[in-house]
Amino acid sequence: MVAVVVIAVIIGGTAYYLSIPPPTPTKPQPTIPKLLVIDHNMYPITSLNQLLDIQMLPWPNYMAFTHFQTLVSVNLTSYFKEGRIEFLPCLATSWEISEDGKTYIFHLREGVKFDNGDPFNSYNVWVQFYGFYWLASNGSNFMYGLSLFDVRNVEYGPATVEILNRSGLANPTTEALAIMEDKSWPIYCEGPYKIVFRLAVPFAKEFFFGMLTGHQGLLYDAQYLLDHGGYGEPANLNPYFNEHVFPGTGPYKVDEVAVNSYVKFSKNPNYWGNQLSKAEIKANAMLDPGHVDQVVVNTKLDDFTRYTDLATGQAHMAAILSENWRLVKANLNFSYAAFETPARNIAVVMNTVIFPTNITKVRLAIAHAIDYDRIIEQVYFGQAVRYFGPNTPNYGTFYNPGKLPPYQRDLDKARRYLEEAGFPNGKGLPSLELKIGSGDTIGMLFATIVQENLGEIGIDVKILSLLPALINAPVGSYQFNLEHAEEIGHLRLNGGYAPDFLSPSNFWLAFVSNRSLWGNTGIYSSPKVEWAVDKFSQTANTAEIIEALKIAEEQIWNDAPIAWVCTTKLWMTAGSYVWDNRIVKSVEFDPNWTGVTDSPLFNTVIFVGEESP
Amino acid sequence: MSRLSYVVRRMLLAMFVLFGVALITFTLTHAISANPVVAFLGKAASIHPEIAQAYIERFHLNEPLYIQFWYYIVGVLRGDLGYSWTRGAYVSNVIAQTLPNTLQIVFFALLMTLALGIPLGILSCRYYNRSPDHGIRAFYLAGICSPAFFVALVLLLLFSYFLRVLPTGGIISVEVARPQRVTGFIILDSLLEGNWAALVDTVKHVLMPSMALALGNFGYLVRLLRSSLLEVMQTNYVRTARAKGLSERTVFLKHALRNALVPVVTLAALMTMWLVGSAIFVENIFAYPGVGHYLAQALGNLDYAAILGITLVFTTMIVLVNLVADILYTVLNPAIEL
Amino acid sequence: MIRMRRTKISRFLKLYTSNVSACVGFSIAAGFVILALVVALGGYWVLPYNPLKQNVGPAFSPPSWEHPFGTDQVGRDLFSRVLYATPNALFVSAVIIGWAMIIGMLLGSFSAYHGGRVDEILMRVTDLFLALPGLILAIAISVALGPGLNNMMYALMVGWWPAYARMARGEALRISRYDFIEAARAAGLGSGKIVLNHVIPNLVTTIMIYATVDFGQVIMVYAGLSYLGLSVQPPMPDWGAMVNYYQGYVVSAPWLPLFPGLVIAIVVVGFGLLGDGIRDAIESQT
Amino acid sequence: MPLNLKHNGATDEGAKPNKDIIVDVQDLSVVYKSRMGVVRALDAVSLSIENNKLVAVVGESGCGKSTLALSIIRLLPMPPAEFTGGKIMYRGVDLLDLDEDNMLSYRGTEIAMIFQEPLSSLNPVYRMGDQVAEAIAVRESRVQPSLKKAYFYDKPSISPPPRSKFTLNIKRRSLFSEYEDRVIEALKLVRIPDPEHVVRRYAFELSGGMRQRVMIAMALSEKPSLLIADEPTSAIDVTTQAQVLKLMKNLMDEVKTSILLITHDLAVASQVADQIAVMYAGDVVEFADVYELFSHPLHPYTKGLVACIPSGFKDERTLTSIPGVVPDLRTVYSGCKFAPRCSSATSICRQKKPGLRYVSPTHVLACDLA
C-alpha cells in the first residue's frame, strides 16, 4: 500500500513538476504580518556562548550566531561603493587618524543604552577589546591573528578584572580609570566617549577599519559580562553565557534561543536609533529601527523543508539552495537576493607540495582542463562571473591590477602542458585525491564535474567525502598545512570562501602568503608574493601596495597554485535568500558583512502595503 | 530464583555490558587519526596555539589512551559523561535536554505501533490466508522494508508539501508560546500548564517523526501477533474455552488474545532498539532536536564525548527495557520462572 | 534417505509455489541477484547509458522512455545509476551474511558442543554484542574507520554475527543430543572433527533459511549507512547515498530521491516475501 | 440398544423406541480436506447415548473417535474438517442444522467436554478459581439470560437492565469473587482436598490428577446432560487413572448426566462403561453392552482387541497383537476396511461394505461373517 502511495506521489510529483503553472501576478495582500519568520540554513547553532564566538571557537560554529547578532550588537558600518569600501558612522560618530597611520581615535555616540539599560561608553569598548586579548591566552595576535598591537606593557589579568568588577563601567572609580586611561597600553580611553587604538605598524584605514566592522568589532555589554562571573578560562569559558545572551545596542534584542531550532528577536525599546529621521535611515539602512515587532529565525538544514515553508507561507523568507533553485526561478512570486559586486572566492586549490601537483606544468594542465563555463552553468545557474584572484572584483582597484585573464579551458593546451611535464595523456600520474565534506551536495556536484574534466586529459581524480571535522582537521596555518600536506590531498575546492574581514588584505593573507593563518590549502609560497603582501602592514601608501600586487599576481598566474573559477552573484553561491514578493516588499542585506554572512537585515524588511521609510 | 536476586544478577551483567560498550566505543572513536583538538578548534588552533594547549590539558589529550579511558570511567561513575565540544556544554546536560524529546517520539511511535499492529494482527489472524490477510501483509512489508529515511521523506512530501497539514519539522511552532520546562517532555509540560495551543502544536510536530518510525515498526508486531494468535487459537485451552460454551468473541478476547500478547512483550526490547536506531535518520530529516539529531551532529564533528555518552545512554536504555520486558514476561505468564 | 530428502524437497517446492506472494518474492529476489551478477560481470556496457557519464541527456529531465528514472543535475541517467549500484548491495549482503554464518556457526556449535565454562564465556560475550545498539555502533565504527565499502562491512560485521551464533548454538545443542554424535564420540573422533563433520553440516539448513530471511535486513541497514555517506565514494552510485544526495530535490525533481528509495524498498520486500514463503512452507510441511 | 438403523435398510428387530436417548448420531460422515488429500475420518457412523449411561468409544489412534467426540460438540476445526452427511440428534434437534450462535447455547450447559491433557487444556494465565467460575457464569447466563455480565465480551441476547446513561461499567468484579462459594462447592464435588487453596493456583502448579479433577469440576458445574471425556486419563499417572475414572462414574450418578468416554484402552472402558462402541478406521464396527461385548465379541477386530488385554488370571505369557496396519483413510474402500487384516475375510468382504445390524437387542455389529 505504501508502495502504491509512493508511486502515486512520484506520478503526482512528476505531473506537478511538469505542470508548474505559468506564474500569474496576483494582487498584493494588504495584511501586514506581525511576526516575521525566516528560515535559515546555517550550520546549526550549537552553543550560545558568545565567548566562544569571540574566541572564534569552535570553528566554524561561531559564525552561526554572529550572523544575526549584527542586529543586536552594532559596530561601525561599511559599504561597498563604486569599487571601494566606504565607512559610515554608527556607534562611533567620528574618528581621527594620525599622519603615520598608527593612531586611531574614535568619538563614540553619547546616550546609547544596551537593551537591558546599561549605558554604552568607551570603558565598555576597552573591556571588550582586552577581553579578546584575555581569551586568546594573552596573545598579541588577538585581532584575526595579526599582531597589530604592542602588548608588552599590558597587564590584563584577574587582578584587573577584580578592580573593574568592584568599580563598574557606568561610573568607574579612579582606581579603574587609572588602568583604562593608561597610555602605555595600546588601547586606552580618554573620557567616557573617546577611545584610542595605537597600532604597532602603519595600517591603512581600509585595513584596520575593515577589521573593526568585522565580527570582532561587534559591541556587547561588558558590564553584563562582569556582573555574571566574567570570562572564565580560555579553555573553560564561563558557562553562564551558554544560556544567557549578551545584551546589545542594536534595533532588536534576543528573546529566546532554542539551540539548533530557532532564535526569537523582538524590538529593542532602548534602541538609540528609534528617533532617527527618514533621511538618516536612507543614508544608512542598517540603522533602521525595524518595522515588525517580533522576528523568528529558524534553523532548518534541509533545503526541501525550507522551500516547503516558503511555498506554504510558513516562512516569509528562506534560504533556498541549488536543490530548489529552479522552482524559485520559475516562479515570479519569488524574489531573491543577489550581489551587485560578488565577494565569494570560488576556486580549485592545488597542493603545491605533494606529487604530482607540485609540478607547475601539471597544475597549469589542470587549470586549463577545467570546464569553467559548465561549472558556472550547472553549479551556479549561470549567476557567476569569471575572475582572477585572490581578490574578488568588489575590491575595485585592489582587484587584479595587472588585468590578467582568468585561465580558459583549452584541452589541447592542457594536454601539451602534461606532455611537457612528462606525463603524456596522464600516463605515470597517480590518482589525484579530492576531498570534500560529506553532505556538501554543491561541492559534490562541483567535484564530479572537475573529475570528469580532468578525466578528459587522462588525469584520474578520486573524490573522497569525509566528515566536515576530518576535512578541516589538517588545515590551519601555513606551517601546519605543510606538516599535514599528505592529509590535505591534491585538490581542494573553495566552494565560496568569503573574507573574514572587509579589507583588501584579507584574501591575500589567507590564500597566498606564507603568513596565512587559514585557507592556504595549496601551501603556496613565493618570495615575490611574500614581499608584496608584507606591504599591507608596512605602508599606508595604496599606490605602492597596488604596484607590488601586480608583480605578485603575475607570479601567481605562472605558478597556478589555484585555478580561480568564479565569484558568484547569488548570496550563498548556489542559492540565496528568497522571499515572497506578494508579502515582502523589500529587504536590505548586511553591508558590513558582504560576503562574510548571508543574513538579511530584518530591521529593513518592509512588507507590501507598508510605507517605505 | 527470587525476582530480586534475578534483577541484581541482571544488573551486574548490565554493568559488564556497559563497561564493554564503553571500552569498544572509546577505543574506536579515539583510534581516529585526526587530532581531536584541531578537529574541534580548527582555525583557532593555529591562530591561538595557547588555547589549543589549554584544551589539550583540560581534556588530558596528551596522556596515553588508557589513562584517558581511566579518567573517562571515573567521570562516568560520577555521572559526568564528558564535555561536548560541539555544544560547548556537558554531555549529560545536553542528553538530559534532548532525551525527553526522543522519548516523546518513541512513545508516540510505540502507541501508533500498537494502535496499528494489534488490530491488524487480529484481522490478519481472523482472515488467515484470505485477501485481507494478504493486503495487511503487503502493507506491513512495505512499511518494514522501506528505510526510515525514505518513509520520512515520503511522509514529508505528502503531509507537508501536498496536503499541508503537518509542519515540516522542529518541536514547536514559533508563534506558539513554549510551556515552562517542568518535566522536560514538552507535550506533558503543555498539558500540565493547560496550554492547549502548545499541546496541539507539539503533538502535530511529533506526529510525522513517530509515524515514520511506527510504519517501519508495526509490521513486526503484526507478524508476531498473527503467528502467535494462530498458534494460540489451536491450543487446547482455547478448545476448552469453546467447549465451555463461551462465545467466539469471549474466547478470542479473553482467552486467546491475552495469551497471544505475552510474546509481544519480548518484542518491546527489539522495537526499542530499532526505534532508537532509526531516530538518527528521522530526527535529522524532521530537524527534531532529539538525541538522534545530536548524535548525527556529534558524528559529523567527531565529538567523542557525545558519541560515547549517547551510545552508553542508549545501551543502558536497551538493557533496562530488556530487563523490564523479561520481568513483565514472567508476570504475564505465570508458568515461566525467572 | 536420499529419496526421502527428494520427496521432502519436492513437497516443499509444491507448497512454496502454491503461495503467490512467495513466488513474487522469489522473482524479485532472483531478479535482483541475476541483475547484480549481470551488471557486475558486464560493467556498464549492459546498461542503457554509462552511469558515470555526465550530460548523456538534458539535466533534470523527468522520467521518459529514453530515461526511465529521469536524469540528475549533471544529466546522468538515473536508471543506469540505480542498476549500477545493484552489485554493491548484493556484494555487501552476501559478504556480511556469509561471514556472520561462518563465525556464528563455528562459535555457536563449538560453544554448544563444549558446554561448561567455554560455553558460558562465549555466550556472555555474544550477549554483550547483542545488547549493543547495533546500528549506532556500526555508524560509530564506520566513522572511525573512514568511509568506504570495506570499512562499512567491517562495521556491520561487528553487530551481525551474534544472532547467528545464538541460533547456531541452539541448533547445535539439539543436534548434539542425537545418537550419531554419541557414536562419533565413541568412535574416538576429536571434538573439532565432530563439530566440523557432524554438527555443522546438520545445522547448515536452518542457518541458511534464516540467512535468506535476513538478506533483506542487511540491505536495509546497508542502505542506512550508505545514506549517511559511509559506503562507496562518489561518483560511484549507491542506493542509500543517492537518496541522501538527491533528497533536497524531492520537490523540484521528485524522481531523483524517490526511485532509488523505491528500489531499496522493493528489493527488501522481495526478500521479505521470499523469507515468509519459506517459513510458511516449512511450517505447513511439518 | 436403541440404535436407529432404518435408514440404511438394516433390520432392527431388537430396537425399541427409547425416550431416554440423549444423543443419536446417525450415519455421520466427516472428511478432512488438505493439500495432501481428503481424509475420510468418519464414514457413516451411528451411535446413541442413553440418559445416565456411560458409553465408551474404543479404537486405535486415528480411528476417528476424537473426531466423533468433537463432532458432537461441534468443535471440529472447520476447515479442514467438513461434515459430508448424517445427523447428530440431540433431544430431537439436529445439531448439524444449527448455526454457530444457536449451537453456542448447547455447548457447556447441554454438552460439555473434557480433554486428554489437562495441563494444556487449562488456560495458563488464569487461576483455577477464575476458570471454574467462568463455567458457572455461563450456566447462570443460560438460566437467566439477563445475568449476562460484562465479563463476556458479547452482546447480551436480551436487552440489559436499564442503567443510568452515565454509569460506566468499570466495576468489573472478578468472576471468582462473585461465585467463590459455588466454585469451592464444585471442587469439593470432585473430591479435591483443600479447594480454598487450589482456586488460587495456576494449572502448572497442580498435579495431573488434580488438574483433571478441576477440568471435570468445570465441566460438571455447567450441569450438562452429556459429558464427553476424550481420553481423560491417558496423560495421568496409572495410579491416579483409576481414581479419576471411578470419580467420573460416581459423579455420573450424582449429577445425573451421561458420559461419552473416548479411550484407546479397552481395559479402561471395561471398568466403567455401560456400553462400548468399537471403532475402526472411521467406522463403528461393534456396539454392545459391556458384558455382552466381552462375553461374545463378534467382530474379528473386537475379538483381537479383547484378546490383547493381558489378563491376570489366565496364565498367558505372550502378548497377542493384530497383524497388519491401519488403512490409509485417503483412499476410498468399497469393501470392509478390516478385510486386509482379517484372517477370515472372504472376497465379498473386499467388495461390499458390511452395514450395521442388530444381532441382539443389546448388540449391533458391522460384519457379515458373524
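Note that the chains take the letters A, B, C and D in the order they are written out, and that residue 1 is the start of every chain.
One rule holds in what follows: a residue touches a chain if its C-beta (ideal position, glycine included) is under 8 Å from a C-beta of that chain, and two chains touch if they have at least 3 such contacts.
What you are looking at is a predicted structure, and each value in this text was computed from that prediction instead of being measured.
**Q** If you average all the Cα positions, which chain's own average lands nearest?
**A** Closest to the centre of all protein C-alpha atoms: chain B.
**Q** Quick check: more C-beta contact pairs at A-C or at B-C?
**A** B-C
**Q** For chain A versus chain C, what separation do you get between their C-alpha means, in angstrom?
**A** 47
**Q** At what distance in angstrom does the C-alpha mean of chain C lie from that of chain B?
**A** 24
**Q** Measure off the straight-line distance from the CA centroid of chain B to the CA centroid of chain D, and report it in whole Å.
**A** 53
**Q** Where the CA atoms of chain A average out and where those of chain D average out, how many Å apart are those spots?
**A** 90
**Q** Going by the touch rule set out above, which residues of chain C reach two or more other chains?
**A** Residues 143, 228, 244, 247, 250-251, 254, 258, 261-262, 265, 269 of chain C each touch two or more of the other chains.
**Q** In chain B, which residues are in touch with two or more of the other chains?
**A** Correct list: 32, 138, 142, 146, 154, 156-157, 161, 285, 299, 302.
**Q** Where does chain A touch two or more other chains at once, residue-wise?
**A** In chain A, the residues touching two or more other chains are 2-3, 6, 9, 13, 302, 304, 308, 311, 438-439, 467, 470.
**Q** Which chain B residues qualify as touching chain D in the complex?
**A** On the chain B side, the touching residues are 234-237, 239-250, 252-255, 258-259, 262, 332-335.
**Q** Which of the residues in chain B come into contact with chain A in the complex?
**A** Residues in contact with chain A: 32, 34-35, 38-48, 50-51, 54-55, 57-58, 85-89, 135, 138-139, 142-143, 146, 151, 154, 156-158, 160-162, 164, 167-171, 174-175, 178, 215, 284-285, 287, 289, 293, 297, 299-302.
**Q** Contact residues on chain B for chain C in the complex?
**A** So the residues of chain B in touch with chain C come to 13, 16-17, 20-21, 24-25, 28-29, 31-32, 134, 137-138, 141-142, 144-150, 153-154, 156-157, 161, 273, 276-278, 280-281, 285, 295-296, 299, 302, 307, 310-311, 314-315, 318-319, 322.
**Q** Going by the contact rule at the top, pick out the chain C residues touching chain A in the complex.
**A** Answer in residue numbers: 53-54, 59-60, 62-63, 73-74, 143, 146-147, 228-229, 233-235, 244-245, 247-255, 258-259, 261-262, 265-266, 269.
**Q** Would you pull the chain D residues touching chain B in the complex into a rising list?
**A** 73, 75, 77, 100, 104-109, 112-113, 115, 117, 120-125, 134-135, 138, 142, 151-154, 202-204, 215, 218-219, 222
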